[in-house]
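Going by the order they are written in, the chains are A, B, C, D, E and F; count residues from 1 in each one.
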Amino acid sequence: MPRPRIMVINPNSNHVVTAGLAEALKRLSFADGPEIVCETLTEGPYGIESQADAESVVMPLRRTVAGDNESAAFVIACYSDPGLHVCREATTRPVLGIAECGVLTALTRAETFGVIAIAQRSIRRHMRYLRQMGLMDRLAGERPLDMSVAETASGEGTLAKMITVGRALKEEDGAGAVVMGCAGMARHRKPLEDALGIPVIDPTQAAVTMALGAVQFGAS
Amino acid sequence: MPRPRIMVINPNSNHVVTAGLAEALKRLSFADGPEIVCETLTEGPYGIESQADAESVVMPLRRTVAGDNESAAFVIACYSDPGLHVCREATTRPVLGIAECGVLTALTRAETFGVIAIAQRSIRRHMRYLRQMGLMDRLAGERPLDMSVAETASGEGTLAKMITVGRALKEEDGAGAVVMGCAGMARHRKPLEDALGIPVIDPTQAAVTMALGAVQFGAS
Amino acid sequence: MPRPRIMVINPNSNHVVTAGLAEALKRLSFADGPEIVCETLTEGPYGIESQADAESVVMPLRRTVAGDNESAAFVIACYSDPGLHVCREATTRPVLGIAECGVLTALTRAETFGVIAIAQRSIRRHMRYLRQMGLMDRLAGERPLDMSVAETASGEGTLAKMITVGRALKEEDGAGAVVMGCAGMARHRKPLEDALGIPVIDPTQAAVTMALGAVQFGAS
Amino acid sequence: MPRPRIMVINPNSNHVVTAGLAEALKRLSFADGPEIVCETLTEGPYGIESQADAESVVMPLRRTVAGDNESAAFVIACYSDPGLHVCREATTRPVLGIAECGVLTALTRAETFGVIAIAQRSIRRHMRYLRQMGLMDRLAGERPLDMSVAETASGEGTLAKMITVGRALKEEDGAGAVVMGCAGMARHRKPLEDALGIPVIDPTQAAVTMALGAVQFGAS
Amino acid sequence: MPRPRIMVINPNSNHVVTAGLAEALKRLSFADGPEIVCETLTEGPYGIESQADAESVVMPLRRTVAGDNESAAFVIACYSDPGLHVCREATTRPVLGIAECGVLTALTRAETFGVIAIAQRSIRRHMRYLRQMGLMDRLAGERPLDMSVAETASGEGTLAKMITVGRALKEEDGAGAVVMGCAGMARHRKPLEDALGIPVIDPTQAAVTMALGAVQFGAS
Amino acid sequence: MPRPRIMVINPNSNHVVTAGLAEALKRLSFADGPEIVCETLTEGPYGIESQADAESVVMPLRRTVAGDNESAAFVIACYSDPGLHVCREATTRPVLGIAECGVLTALTRAETFGVIAIAQRSIRRHMRYLRQMGLMDRLAGERPLDMSVAETASGEGTLAKMITVGRALKEEDGAGAVVMGCAGMARHRKPLEDALGIPVIDPTQAAVTMALGAVQFGAS
């Protein structure tokens, strides 16, 4: 019997990001557990920064999910959770969004959470989404790195900036845990957590963890 | 290097329940993943039904956690999450409650959730806890089985009753997913899900899944 | 000087619906006021019933708005407000959604509002949207007609059914005003209001009214 | 057939304010639309600054509404919406309050809104009212000009101060739109909007716009 | 030194109600405690049933409070709390409303509360007030007796009806305590509590209790 | 007939604190009113500062309440309200918590309240409790004294620090009333209130006031 598959879709077309996701998820890939496959949405933009970027991948994501009869669960690996509900309409198999799972996982570790966003202009969209999820009562704050996705991916100073922003979330806003509001920051999770002294959640790791649970317990 | 250990504590002293937990968690026990150990809190009451039952295990749970230097994460396997915050005070390792994780996992699968409680009198305590967690906006409803914990454990008619209550949660209250509000119902999860046609969450499986993620990603 | 134009976009490709919108908006077309133009999104599906229908028009709507340098304001005439935020990103001119404006207008007339949905399965999407708007505290309830969009457009019994559902919203749920949760029901507004004895809001009329205010007062 | 009439009542006895309202509403007065009449409540205080000022006009407003059989709709033009509910009890015709309509109109233009209050001591009353309306989740903040109504009416520096306060609402509090929290500031709307770069709502214009929609669509 | 005085103002002009209040408060009149004086607002309507009735007493209440330099605290004994904020503006001494105190006292006794209203049409006003107070999360429900104030005062069947309505609040709505939503029902409190088996709060007794605390602890 | 007794339980074992409570409550001890008795929970820790301190007294408090057949009402005099719900399960007589009563009493005096906490680390626990009570909408803020319980009890500078913190709550956070978040600060209430110019609530005085009302009106 083949291992069931968790399909992690990177909705941007940057293969380096997809490779980073695969790396970040290795520790959930058990020999006798589900296979975790990370794929790139080739139709996606090179990065998802604007509302238009996010909306542009919605129907392609739906087609990807609807056309995949083999995966046992899907994870949409973009912190705006584009297409989450339309993909859920397309299948009865679990479809998980990393923003939703990241925030909900943070709530299992602390009273309040903060979010590190890449850019200021994403924050309004994230706030709208948190209101939609009904989770504003636990939000301590969200603060931007004010870097481009590209800069955060490559830049030397990213971790240092994340620590500065994370400290502000913890000390000024009262966050008890921090969610990294982007799919491509996993390698900074541990050093950031060590620097802050509170749990730091990588949202893709959070979502794939929950997908693994859903698959192992036979979600129908 | 030994496998890290997830310690699942059954706060009641009924070893049959503990054995049931171990059985329910087998599918998360990967050869190259964390070891999952289920233990019985021998000082606990035989079942946790009243507020006094729940409070009576708080300090023993704290002592158990504080005295365990080896486990990488803890799961308190009672749907009232007794002692969650005091255990978190006692360690920097993750301590997860099954009620919290069960509800948050349901939120990754549907807009709204319903809860099947064992007994009517637990519902007030659960509502208080949902208010504390700030999650009332997503609650469709909670309905009791009106059975004793003992009856649900052994009784023939438990599944049939759960289906009746689950259908009311889905059809009358509008629940998009159902949380089984007890640690000992896991064996009914799949048939209940099949009967209802919406996700059904076993809270212990949900919590141990999240503990596994926390351990694998090196929660500090 | 030409009259400023309010562009009302019907995102489905049913020209009969567009013609109905134009008819329903005549009383806002003043000789010395803005011109109100109703257009059909030819790329749209014939009706918007599913989440996929709604998402499929998002990027086409954005292109329509971005490509129109002449209109002073835009109204998206579908009760799911598809593409609202992405269209706002594309222009500094006002872009209004009929669901948002319909509900907010109802709040100017009564303490609580109810919504008549066409179909049961839309209600979950509407609830999510009301949560996102932060307006759940004033919602009395939403109930479906359980008719297809086509049936409501043509059917004889539509008004009678709307009265039945509206009475349930008023008498059982406590609604003080009712929003018709569809773009194509305007002709039933007045008889429904007369039958119920409480304000009934047609959402397209509400949105175009607000667009007219924004245009007249020189929204920039 | 005579044009239907929208009666805008200035509850303070300052005729200069009433004249300013008439001026501010001219662009909603269409040849083939409703007549917009602004009247002064002669029993009112010269300005409404305290809670007592606001309460003192409640019963006079009710008498005015109850005694007017000709107007098709009423607008109470004071940012505390005095007497709104008692006037609604007195007639089945629409009675609109400018605070309510101003805030709800702001919500059609942005995720969050800020309010510029004349005086610090009004803010508590406004907060109470926003809680009553159930709209706190969208409030970014409210800040005072710390000027008297008289100063704002005549003073040279009013616009400059409004820009300073508006910028704080936008940049520090995160407001996406600003409501001018007073009936007499309409002439500053456009320059303030130009300076801030986000929508600025004059509440009287917002309320009369909604009254016009209610009248044109035959509110009963 | 004279005993400090708590002034309880019955805002309707029915002296029988005032006498009933005095009777209901006897057990808070301690020899060495504050004097409790109940007075009738002679300008008030004979009963307060409509919004207009409630508003009509606001300015007279303010004059009463402002003109009384001797009382140490004031209680407004009408379940709509008319004039509460304007009276607080008129004095630095405590001014308490019976609706506010009744509900807040219920919250000290149970998770959730229900309200018995005299008439259906009051409920909308009470809901608006509960939203204003930010207390909706604890409300189980409000149900009317559907009797006039006069009927409840004199009628034989009042207690029986209250028990029926109270049972519905407890059993169907889940109320853990019941507030009697009227100033004149105190004599039914004990038998109703005995019949229901959950705390029943008379709001005037609750408010005068809190006034007594404020006076004894030297509120300034 | 003996006077009914209100039992005030100090859950820490510091008899000086208990004596202070008795002193602070003298003005509620009327010759013809209930007897107010303050007792020390000898099993309690010397001070309640941690979550473990709070939890450790829960079951002893329950035993105390369950074993006392003579008191008419109970007050748990620790600002974390330890054991409140389990004590309520143990008796049908009123059991009141000082945090709950302190906050609810503040709400009878002002729109918003602030809390002065002893230590920073208590604030998270208090926030969780306020969310549980559903009262966050009225919270202006909570700020710590950053002193030990011992320091606040004895230290010279306590009042000065309370004034500093209280002013920040009033002026920066907008609190309209202040709750002293500790059982042992009553002697500072009046001077603090005089310095701040807004109501200051001692929570034990608030709770015993409400207990007195419950007892006098024959709570069953």
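Going forward, contacts are C-beta pairs under 8 Å (C-beta built on N, C-alpha and C of every residue); 3 or more make two chains touch, one makes a residue touch a chain.
As the structure is a computational prediction, the values presented were derived from the model and not from experiment.
Chemist: Specify, for the interface formed by the sequence copies chain B and chain F, whether it is same or different in terms of residue numbers shared by both sides, with half as the dividing line.
Modeler: same
Chemist: Could you find the chain whose CA centre sits the greatest distance from that of chain D?
Modeler: Farthest from chain D by mean C-alpha position: B.
Chemist: Quick one: point me to the chain whose Cα centre is farthest from that of chain A.
Modeler: Result for the farthest chain: E.
Chemist: Between chain A and chain C, what is the gap in Å from one C-alpha centre to the other?
Modeler: 33
Chemist: Measuring from the mean C-alpha position of chain E to the mean C-alpha position of chain F, what distance in angstrom results?
Modeler: Averaging C-alpha atoms per chain gives centres 25 Å apart.
Chemist: Centroid of chain B to centroid of chain D, CA atoms only: how many Å?
Modeler: 52
Chemist: Centroid of chain A to centroid of chain F, CA atoms only: how many Å?
Modeler: Chain centroid spacing, chain A to chain F, equals 43 Å.
Chemist: Name the residues of chain F that each touch 2 or more other chains.
Modeler: Chain F, residues with two or more chain partners: 128, 131, 133-134, 137.
Chemist: Please categorise the chain-chain contact pattern as a line, ring, star, complete graph or other.
Modeler: Basically it's none of the tidy shapes, so other.
Chemist: If we use the touch criterion from the header, which chain pairs count as touching?
Modeler: A-B, A-C, A-D, A-F, B-C, B-E, B-F, C-D, C-E, D-E, D-F, E-F
Chemist: State the interface residues of chain B toward chain E in the complex, per the touch definition above.
Modeler: Contact set of chain B toward chain E: 124, 127-128, 131, 136.
Chemist: Any idea which chain E residues touch chain B in the complex?
Modeler: Residues in contact with chain B: 111-112, 137, 176.
Chemist: Which bits of chain D are touching chain E when the two form their complex?
Modeler: Where chain D meets chain E, its residues are 50-52, 54-56, 58-59, 62, 83, 85-86, 89-90, 125, 128-129, 131-134.
Chemist: Please output the residues of chain C touching chain D within their complex, sorted ascending.
Modeler: 27-28, 30-33, 94, 96-97, 100-101, 104-105, 107-109, 133-135, 137-138, 189-190, 193-194, 199, 202, 205-207, 209-210, 212-214, 216-220
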